[in-house]
Amino acid sequence: MTIMTKMKGAATAFSFAALMSVGGASLASAEDVTLTMAVPDWPPTRIMKKFFDEQYKPKSGNTVKLEVDFIPWPDFYTRVNASLTSGEQKYNFIVSDSQWLGAFVEGGYFRKINDLLDADPDFMATFKTIHPNPLNAYSTYPHKTENYYGFPQFPDVLVNFARADIICHDEEQKNFQAKYGKKLPCTGEELDAMTWDDFKNVGEFFQRKKGDMLAGKPAEDDFYGIAFQAGKGYDFSSMQINGFIWQMGGDTWDETKAPQGQAEGVVNSPAAVEALTKYLDLIQYMPPVAKTGTMDIFVSDQLFREGKVAMNIDWIGLGEASLAADSKVKDKLVFGQMPGTMGADGKMIRWSNIGGQPFVLTTWTTESQTKEAVDFVKWWLSNDIQHQFAAGGGQSAVKAVYEDPKYVTYRPWNRAWAPQLEWQKDVWHVPQFFELLTQQQDQFDLAITGKQDAKTTLDNIAKFQQDKLKEVGLIE
Amino acid sequence: MSTIEVKKITKKYGEFLAVKDASLSVKAGEVVCLLGPSGCGKTTTLRMIAGLERATEGDVIIAGKRMNDLPPEKRDIAMVFQFYALYPALNVGQNIAMPLHFEKLSKEESDKRVNKVARILHLTEVLDRMPGQVSEGEKQRIAVARAIVRDPNCFLFDEPLSRLDVELRHSMRGQIKEVLSNLSKATVIVTHDQLEALTMADRIAIMRDGMIEQVGTPHEVFAKPANVFVASFIGTPQMNLMEADLKSFSKGVASVSLAGSPVEMAADPAVSSLRPSKVMIGIRPRAFTAESSAGKSTIRAQAELIEPMGAETLIHARTKSGGDIRVVVPRTQRIKVGEVLHLKADPKQTHFFGENGRAVRA
Amino acid sequence: MTTTAQFLPAPPLFSPVAHNWKLAILAGLVVSAVAIVLFPAKLSLGVAGAMAALIAAAFTVNAYRRRYYGGLLVAPAIAVLFVMNIFPLLWSLGLSFFAYQSNNQSIRFVGLNNYIKVLTNDIAAPANWDALINTGMFVVFTVALQMITGFLLAMLFAKQFPLRKYLLILVLTPMMLSVVASGVFFSYYYDPTFGILSYVMGEITGNQFILMDNKLGAVAGIVFTDAWMWAPFVMLLVLAGLVSVPKYLYEAAAIDRVSKPRQFWTITFPYIRGLLMLALLFRTIEAFKLYDLVYILIRGGQDTKTIAYLITEIANEQNKTSEGAALSYVILFMVIVLTNLYLYLANRRNKGA
Amino acid sequence: MATLAEKFGLRKASGVGEAGWGHTLIVALVSLIYFLPVLMIIFTAFKPSAQALSVPPTLSPTSLFGLIPDQFVFTPTLENFGQVFNRVMVSGSAAEPTGFDVFFFNSFFISSVSVLLALVIGTLASYGFSRYPLKGNDTYLFIILTTRMLPAIVVIIPIILMFRTVGLSGSYLGIIMLYTAFNLAFTIWMMKSFFDELSYDVEDAARIDGSSEIKVFMKICLPQVVAGLAATFVFGLILTWNEFLFALLLTGVDTRTVPVAMNQAVSSGGRGTDWTLLASIETLFLIPVFLVTFFLQNHLLRGVTFGTVKR
């Protein structure tokens, strides 16, 4: 019975290996350092890898290899989460969503970098050139404390993608003026000046059936004025709704005020209810797929690229696709900031939820790996590389880079970047992030698909957050 | 009237000719056996009568009606299959009652009929069992019971006894014959076992390579085989068929050169039409008598192998020309291996076949 | 059944001879269990591995000494299954009695608390019960639709006809697709703006058609896709049953003038009953695990979350490992009850026949 | 009278259980409708990406001599298949290899080896279960079935941990062993029913003639279940071929399989679904398993028949 013998052998080897190998098989020599990195598979990470391979010269003189595991976006969290929590200890660097920080820092997987910053003034200086909003979102845990973890990989904000050929058409301009007594926004500056009410007007105005006149021609298909994320998946409505709530004077549960800050009374404050109502009111002007609760950032982007929508609020990260060869709108675009809310003082309030991802070091990264990693990060955040990154389609949160006049010339949406950075906020970096998010997304979905009103929705969310956070001691 | 008439039916599978121009008629109350070696087309013929196969050409007439285009269920026939085709999910009683559903009988009437045939075929005890739980013989009787439970135009049997052991076969032959004789229906039985055919049939149709070679009563096919094939197929031990040169024929006596010896033997007058030529002479092993000395009409042969068969003894002997000859003699006649025999054939049981293989008779 | 001579008698349970596999299993389980409770994960895994080796060795020695071919033949499979499936299952079963989050190293024994929590807690339980009802609904609808469709397709292919082989492979193809591809493409077919369904409906009604803006539509969309993919599996099994019916039974039935419906129930059905049961068994087990399509098509919206969906949310996204395990074992218990019921019914029928 | 059917060498329709071209026509219609969603995936693989989402949906690569209105016709291209293996990952750069050649090889290697391994181990085991029943045989069998009843996500953490401890993480051996176990339950249940169907008489006769147990198994039993082996192989292959979760979590960069890598096309290049890319990957990925099924189709039918009449 050869199979039996083999099994026996395997079993023996199994137990032997199990008893003998405790941890670190990955002892790297001083000359050869490999940094293993888990990243989502998309251009910003591909560029990073490309730059590294083509340009990176380690100062230490060691041979440094960056081994990048490109994981498809849809499964990125599942893969990373399983790898981290199972104790696989496979990756030295991980691209993480800002909100995952709490869960993985508390689990002991993400390495705090304060000691590295303190030990290296150069590194600290580089670090401090990052705009405080992204820095807080991507690097601090607990939020807005001086405990640092991550570096921006691809910072991101929401902007307004618009169809110049439609909104600048004379006929449409004339009719809009006649109907609303206001000019239909056409240039980037005019888009910047839009409020949500203007946005709603655009939505109402551009509701065209197949065959109706659209920009001087009969529409080939049903056409809609506006789109933004309103999907149940991941965070594809919270990220938009948070902006509405903050702009209109409401608030989400504020982790920086824990444990005194409450959820109940805050999350479902009248201002928040009003904001959500306003958000829900816009759904009716969006393409019909919104009614199924699957209008995520990719679906709205796809509708926009296929020429079904006049304006779409989406992440800059999806911008490249709208310029790609197969985009039906590639040569008809104008970009502006996401609409805001006019404050009582006549100044625009533009709060928005930050997007993008930091990358972090893991706790099992060895001394020599860490040294090389710091050098690598310093190189990555250097002005030159950040400029190249931006020129290749990335974004930079490094002040000197995005304030450079060249910056806005890299991509048409970059004009919205600097002003928007000032208005970025983030939610919940607490370990309970996923529980809070799932419940909130479920509730928002019920509202978006017309199953319940804004008040009930926020009441349910507030109650759940209050209970949950009380249970774990984040609310007293 | 319960009759079957088959007129020149032919069955082709693509290029392959399974049955060719077969004709047969079965009268009411008559049992006809289709007999032949495997692959001779007898089952195909039966299946064409049943409607399970469509005749490529020719007509099938049952009870005076042309039925070529009717499916089996419209032909009002009963059939017993080689593997019995008992419905495995039904018990014995339900199996037998199956054909009665069509007649929409009341439950009592149906039960009455089932019980009646069960009694006839000694199945009363096993009515509640499943087909998997009864013996081969019982299965066979169930299949018959299912056929006779109603009153069809005719009965068809496909190798009904082939799965039974010798003893059961013997008793079933009798039972089936008895049952059939009380029903007076046209019946066709397909078999490859000549004993079965000889005992059960009123007439036998012998088939080979898709053609019917001879139709006749058991006596006719045995005593007057129409050709070499029938002669060799019917009868055990097999008839001796020997090539011979017909020298001359006069006054009912033929002079032939047979197995290396010149022999004179009495022959049918029709043999005169043959001469002089090569012929085939057929003599059944039991038609020989061993004479004490050589004569004009004896064949010389040397005994090579002795097979005692009980009442008789079968002797394989070698002729002068090297041919093999089978002879059956009574037990009392002791013959030793190596002994020279002088065999004289009974002229009444000597068959002459022409070069075309057909029997030559007046 | 040929019995093989056994040269040695079976040892008593506690006799410490090398071929006493029962003792080895017992000792292995006890030691592993103790190790899992007492030691950290890595070490307990090592102990369990060693125990597995011990059991394997005992099995082999036992089989050789006593010419016990059954054990010898089964051992490799059992070993692989034990290491790769049963051991992890027992591990997660163990975890379901602890308070444990995979992203948090603390672990605490809580007995049945997780089970009580997932079934009665006022935050978690309503969602769980809701998902349980949804799962039941999907099991009934998808399995029923698969069985019916698969059955009808099989009836079509039961006969011999020209080109049968080529047409059959077309119908079998859906089950060869990856769930991701078919799910994503069905979301395209159902899409109100781009999809073919909406286009066809639009040509009739003049409006874009939104299939999944209500629960009925969402469920229909999911059930249709799942049934489309897996009806061929049922078809293949049923077809196998249909072609295995001896032809002479139908011939006998034709001659006995048995009506078509009666032919079906008395001849055909008994032959495909076992296969239908097998198809039902495997499809039911799979239907209880329905997750991918619910996620891809509607992200669990329109009240379509299933238990498998919740388990993924709880155990994967939220890392509440032990709660997820507890919920899984509730499901496992239900599946076991249901499949045993199937098998019991199947066996009873078979014995009756 | 040679009909068309006879010309094609097909048997003329007659009797029970056979049907003619009329039946073919009906079945062809049903089959094509059933196949349509697959066909549309395959067609999408041939569409230029700008036409992938056109409204109305394009349904045909040709207008069939003007039979199909132009709005439903797309311009077929083979470009997408090239994109599967080489494409531009970073805008402005040259096309680079995507690694799909490796992913295809991995899928092929891992699936076939693990299914074959499961077939060997499972066949031995099922023969044991069938011929030398253990005490509590049915219980063992049911426990084996139970391993298929839980969502995979539940057992994943212990498995990852175990793999890391023994260093199987990301290796071929690890995922192959796991898939072997994954296939065993089904293999054992299928193969046992095949062995149960065999008549014991022949085996006993062989034993009386002095054959060893190994010879009985190899020379008497195995040849009789060839069809069953083929059927089990095909079913196992279809299930393993498309397995996703274990592959996602337990394969590394070098051992990743196509179903995992396929999600590149669901969210790729900073956009949502790349329809033509996804369709081309799926189309290419379908071919091997389609061909295997097609060539083993007769076995599949016969095998299943033979094995499962009796449970």
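Each chain carries a letter (A, B, C and D) given by its place in the written order, and its residues are counted from 1.
We take it that contacts are C-beta pairs under 8 Å (C-beta built on N, C-alpha and C of every residue); 3 or more make two chains touch, one makes a residue touch a chain.
Being a predicted model, the structure only gives us computed values, none of them experimental.
Of all chain pairs, which one counts the most C-beta contacts?
The chain pair with the largest number of C-beta contacts is C-D.
Of the chains shown, whose Cα mean is nearest the mean of all protein Cα atoms?
Located nearest the centre of all protein C-alpha atoms is chain D.
Measure off the straight-line distance from the CA centroid of subunit A to the CA centroid of subunit D, and report it in whole Å.
Between these chains, centre-to-centre, one finds 38 Å.
Could you tell me the distance, in whole angstrom, between the mean C-alpha positions of subunit C and subunit D?
That pair's centroid distance is 17 Å.
Using CA atom averages as chain centres, what separation in Å is found between subunit B and subunit D?
55
Listing for subunit A: what residues touch at least two other chains?
In subunit A, residues 3, 14, 18, 78, 82, 85-87, 221, 306 touch at least two other chains, as defined above.
Give the residues of subunit B touching no fewer than two other chains, as numbers and ranges.
Subunit B, residues with two or more chain partners: 52.
Enumerate the residues of subunit C that touch no fewer than two other chains.
In subunit C, residues 41-42, 45-46, 49, 72, 76, 80, 83, 102, 193-194, 251, 254, 316 touch at least two other chains, as defined above.
Which positions of subunit D touch subunit C when the two form their complex?
Going through subunit D, the ones touching subunit C are 5, 8, 10-11, 13, 16-21, 23-24, 26-28, 30-32, 34-35, 37-38, 40-41, 44, 53, 55-57, 59, 121-122, 124-125, 127-129, 131-134, 140, 142-151, 153-155, 157-159, 161-162, 165-166, 177-178, 180-182, 184-186, 188, 200, 203-204, 207, 213, 238, 241-242, 244, 258-259, 262-263, 266, 273, 275, 278-279, 281-282, 285-286, 289-290, 293-294, 297-298, 300-301, 303-306, 308-311.
Can you tell me which positions in subunit D touch subunit A when the two form their complex?
Subunit D residues touching subunit A: 48-50, 52-53, 55, 89-93, 120-121, 124, 156-157, 160-161, 164-167, 169-170, 248-249, 252-253, 260-264, 266-273.
Along subunit C, where are the residues that touch subunit B in the complex?
246, 248-249, 251-259, 262, 266-267, 269-270, 353
Which stretch or stretches of subunit C touch subunit D in the complex?
1-2, 4, 41-42, 45-46, 49, 68-74, 76-78, 80-81, 83-89, 91-92, 102, 153, 156-165, 167-182, 184-186, 188-189, 193-196, 199, 228, 236-237, 239-241, 243-244, 247, 250-251, 254, 271, 274-275, 277-278, 282, 285, 288-289, 291-292, 308, 311-312, 315-316, 321, 324-325, 328, 331-332, 335-336, 339-340, 343, 346-347, 350
Within the complex, which stretch of subunit B touches subunit C?
By the definition above, subunit B touches subunit C via 50-52, 71-73, 75-79, 81-83, 85, 87-90, 98-99, 101-102, 130, 146.
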